[in-house]
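What follows is a set of structures to go through.
Common to both upcoming complexes is chain A, partnered first by chain B, then by chain C.
After this line comes the complex of A and B, so read on.
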């Protein structure tokens, strides 16, 4: 069984903040890491590897720095990783990303299962998995919170807003996983360091039979962004805990939110 | 009147009405409604594609439910067109359709332009809730069913939820500032006095597993909008904020006066929650 996991290298979304002077997002100089939800996908693949003796390949599109993310994910137990390197400033939309990923998957065939995180913590588009499945003509199950697989088949629970659907299917198939599916293992710094560079292979667009124009024609572009106004009262209540508590209750009664 | 032929894809007619009201200013001629079926997303996406072709639609809109996002993302790929999920609003500018959506977990709102002739969108459920249901539409001719994918639905079960925070009027929520699982009882006591539900930050549910997932507030948890949200020992990470920013009144108790949560709060108390909690319970009386 060959499992391919899509891994995104992202800026740590917990560090993004607004520069109060310019009212702009501070995105530079932040640490970068593996997309949180992709860790769950890697973990699930590694579990299946242990259970079924599967081979796990990681694929990613990103800047040179993404090697770091892939090393971390290989250290979790994957066999090898493939990086399509792009400039750090390169913006790609979900149509472009899924095109490149589909060519990477085709190059790695035969592939039985493709796992993606349900969403990425930077873009939050929730599209790449579904688009990739459509491009490859594969069935998909999204928002997977539990998975079992055997040679040729899988069974997955997809958790939606109010229901959980259990779906059985034949491989090849693509699944997107939710963070509730598992608790990803944390590789140690030594394990990450020990991952040899030759386990991470670099591909160019032409290796995938794609032209540079694949990066040039987005279907959606961001024109700009705004920082939503925070209309909060920001009243800090002073005093001992007992005094502060009394003052707060008085305010909340005035606001008519106590009952 | 606008310049786009609009197709709506939704299960409930009420939702279709809201989507139609939202799209009306952009629509040319009547808006077409394809009722979402219960087939697999692969088949539903084919149905959306076929219905769009039959109607000549260039703007396709659905609610941003999990199924809605999945079907529309797949349909946009089948149509080889741009897609914006979780849109908050849409407009037309300089001959292009544009849509706003939250980026980076909600810290900012991005404005996106479609570069493709056809635009596929899902609208955030929070944005839809505020729209009137009276938008007018016509039923689309139902397309021929696409062949089923190589899978079968074994069963569908309702989620056993002990609480639905999205409907709560008051929420007392706590984070890592609560040091021990036993201490949750003090939070529960305050919640009981206020007639509030209990919420929590992600580490409490996902890492410590002190509470089931449905208590988690945030981008990977519940998006709540109570009259009163009390955050105890929660730092106020953007991913948490994204889930509670629509609360009417936000109270924060935190022993670090620099905690980001205070920027999002109406009322803040800098102090040890272990001292403030009993004081609050006492002050509420009754």
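After this line comes the complex of A and C, so read on.
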């Protein structure tokens, strides 16, 4: 069994902030890391590897710095990684990304299972997985919170807000996993450092049979952004601690955050 | 005629001649016992000897000092008065009695042949008096020890199979020796018998007529008992007589208490080397022979267990059982009869034979639980107490390192490490918020105030903890009031203490190297910190990366400023009457800073310092050390609550003063869970001082002005 996991190298979303002086979003010079949701996908693949003796390949599109992210993911237990290197300034939309990824998958065939994180922390589009499946003509299940697989088939639970659907299907297939599916392991710094660079292969567009133009024409372009004002209810609860607690529970029940 | 000792009365002439060959047999058994025991450490005799010689050459004097003060002079043993007393009695008594016996042997078998008599008249009388006194204390010590084991039975004391029999053997030796003396005095009374004052008492009860037949029997039994005692040293608890002094000599010298081991150095690691360095220990097979000996030196006295906050709180950890558990897994290789010595010791290091039970570690083998390893607060109470100078914390650390390398960690720990790595703090707060609030307040960055004398290292807690931010502000007010020229570091990030103590050495070193690079240009400044954990790391750990910093804790600086009269304080609050001080482990026990915080508190106008029962080097951890502030382990009681109650019951304070952000957070929480918010205020010493600064007390101008030095 061959599992391919899509891994994205992203800026650390917890460090994104608005510059107080310029009122602009600070995106440059921030620390970068592996997309946390993709760690769940890697973890799930590594589990299947242990269980079924699968081979796990990682694919990614990103700057040179993404090697760091791929090393971390390989240290988690993947076998090898493939990086399509682009300039750090390169902006790609999900259509372009899914096209490149589909070519990478084709190059790695035969592939039985493709796992993606349900979303990326920086773009938050939740499109790449589905688009990639469409390009490859594969069945796709989103928001997977539980997965079992065997040679030729899989069974997954896809959890949306209020319902959990159990689905069965034949491989090859693409699944996007939710963060609830597992707790990713944390390789030690030494284990990450000791990943040999030759386990991360670098590809160029032409290796995939693509022209440079594949990077040129995004189908959507960001025109600008603003920070939405958030309405807060600002409720002050009065009374003795015992009364206040009761009132608080009542509010929380109304908000449906308590079951 | 001279008064001399009567040698072997009532005994056939041959008896004296038998002692030596007989002793050789028993000593042979003892030697074999030692040999078997040392085999378990995987010692290669030649290499070990070379190491020993090198150690002795370099730091021999310091090592001997260690042996004398901790070993011969019982510095640690006497921390427990009762056990300390009876150990002195048994040890001192046995030492004198052995010297006495050897003196007699020397006199009889050597000096008498050349016509010299040392033991006569006055010297002999003194000799008899001294040995009777020694025997009296020896017997009393044995009885006290037996009483403790059989009657008092403290929880921390385990009666291993050999514990009581060994004591009974010792007691028998003492009593039979005195009885033999009594018999001699009863049958052959002498004018100077009164010097043997204990023997004389026995003599009063011995019928003289029975002596000639009874004496030889008891003499032989006494002799066999004494030789048996020697022979069983390597097989019983008595092994500590040898193991502890040897360990005290071998122990690494000159390492500060707070400094943790560094299992590898990333800077020195070859990049193309594929092998992962040894991370911690999976089993005792990963230990070098010196640490095997360290484990084997544990006599199971239970002192560590008594003082361990984790154990007292009902967690799975007992430092005693940790060391004992590891010790029990030290296995000697199988030696078939006729095998040559060299072959036997080679066997230990032979990979194939060691691999038995491969993949297993002490956790899967059931020697210790993972919870126990995570329960350790790194407070060092066990190590402070241990008479054998065993480094318990290094073992929990090594076990944690092993768990990390296997990925066997808690989600909260993984989250914590990711936060430190990404955000530069364990709170998972954005890094840009760390210093923003201080810079917004106009506190200068070092770039804006390059001439600053002090760099105020705020620390993660001081920067992000809501309650701790108040302490940071208080420190700044005090510094400003005293006219201290200081700056902060805009790019400050976590020092890495918690990462190191959790056992993720690699991440710690990466972080440390980054910090060292950033801090190097300011190495000529003094680093001021309110966090004893940061204090440790900056002062001790960064030396491994070539950065030797001057570090001062805020209580030390405050004490200094007060001495110099730079802080004018006025009475602030009548409620300050009684202030109890909780010694943070990392400041007190680990760095010996006990007095500066106390001096500062005593100078708070209107305040009286009260001491809880557990104070100074006997302080009891708040429950947050060793990373424990960031994850949970099963426990019966909250350590912070235990400590808080103990402080209140023993010192009855109005204010609990702390000097560590972790302690503050823990006690702030405990005061709430214990419902004591109205009776007790928890404050950092910096807040106590800041509250008394004259500048912001304009409305209380009737308060008497005091200067700290008055």
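We take it that the second predicted complex is superposed on the first by the 228 of 259 C-alpha atoms of A that agree within 3 Å, B and C clash if a C-alpha of one lies under 4 Å from a C-alpha of the other, contacts with A are read in each partner's own complex, and residues count from 1 in each chain.
Everything below uses one rule, namely that a residue touches a chain if its C-beta (ideal position, glycine included) is under 8 Å from a C-beta of that chain, and two chains touch if they have at least 3 such contacts.
Nothing here was measured: the structure is a model prediction, and the numbers come from that model.
Undergrad: So, does A:127 touch the first partner chain B, the second partner chain C, both, or neither?
TA: first
Undergrad: Quick check for you: in the superposed arrangement, does A:14 touch first (chain B), second (chain C), both or neither?
TA: both
Undergrad: Could you say whether A:217 touches chain B, chain C, both of them, or neither, answering first, second, both or neither?
TA: first
Undergrad: Is A:150 touching anything from chain B or chain C once the two structures are fitted on A? First, second, both or neither.
TA: A:150 sits against neither chain B nor chain C.
Undergrad: Scan A:25 for contacts with chain B and chain C and give back first, second, both or neither.
TA: A:25 contacts chain B only, not chain C.
Undergrad: Residues of chain A touched: more by chain B or chain C?
TA: Looking at chain A, the partner in contact with more of its residues is B.
Undergrad: Does the superposition put A:185 against chain B (first), chain C (second), both, or neither?
TA: After superposing on A, A:185 lies in contact with chain C but is clear of chain B.
Undergrad: Between chain B (first) and chain C (second), which, if any, makes contact with A:140: first, second, both or neither?
TA: Only chain B; A:140 stays clear of chain C.
Undergrad: Is there a shared patch on chain A that both chain B and chain C touch, and which residues make it up?
TA: Residues common to the chain A contacts of chain C and of chain B are 14, 17, 183, listed in rising order.
Undergrad: Can you tell me which positions in chain A touch chain C when the two form their complex?
TA: Going through chain A, the ones touching chain C are 12, 14-15, 17, 26, 31, 33, 183-194, 196.
Undergrad: Flag every residue of chain B that touches chain A in the complex, lowest number first.
TA: Residue positions touching the partner: 40-42, 45, 65-67, 69-70, 73-74, 76-78, 80-86, 98, 102-105, 107-116, 149-159, 170, 194-195, 206-207, 213, 219-220, 227-228, 237-239, 248-251, 262-272, 275-276, 278-280, 282-284.
Undergrad: Which of the residues in chain C come into contact with chain A in the complex?
TA: Listed in rising order, the residues are 264, 266, 274, 276-277, 279, 404-405, 407, 409, 411, 414, 417-418, 422-423, 428, 430-432, 504-507, 509-510.
Undergrad: Under the definition above, what is the set of chain A residues touching chain B in their complex?
TA: 13-14, 16-18, 25, 93-95, 98, 121-127, 129-131, 133-135, 139-143, 155, 159-170, 173, 179-180, 183, 217-228, 230, 232-237, 241-242, 244-246, 248-249, 251-252, 255, 257-259
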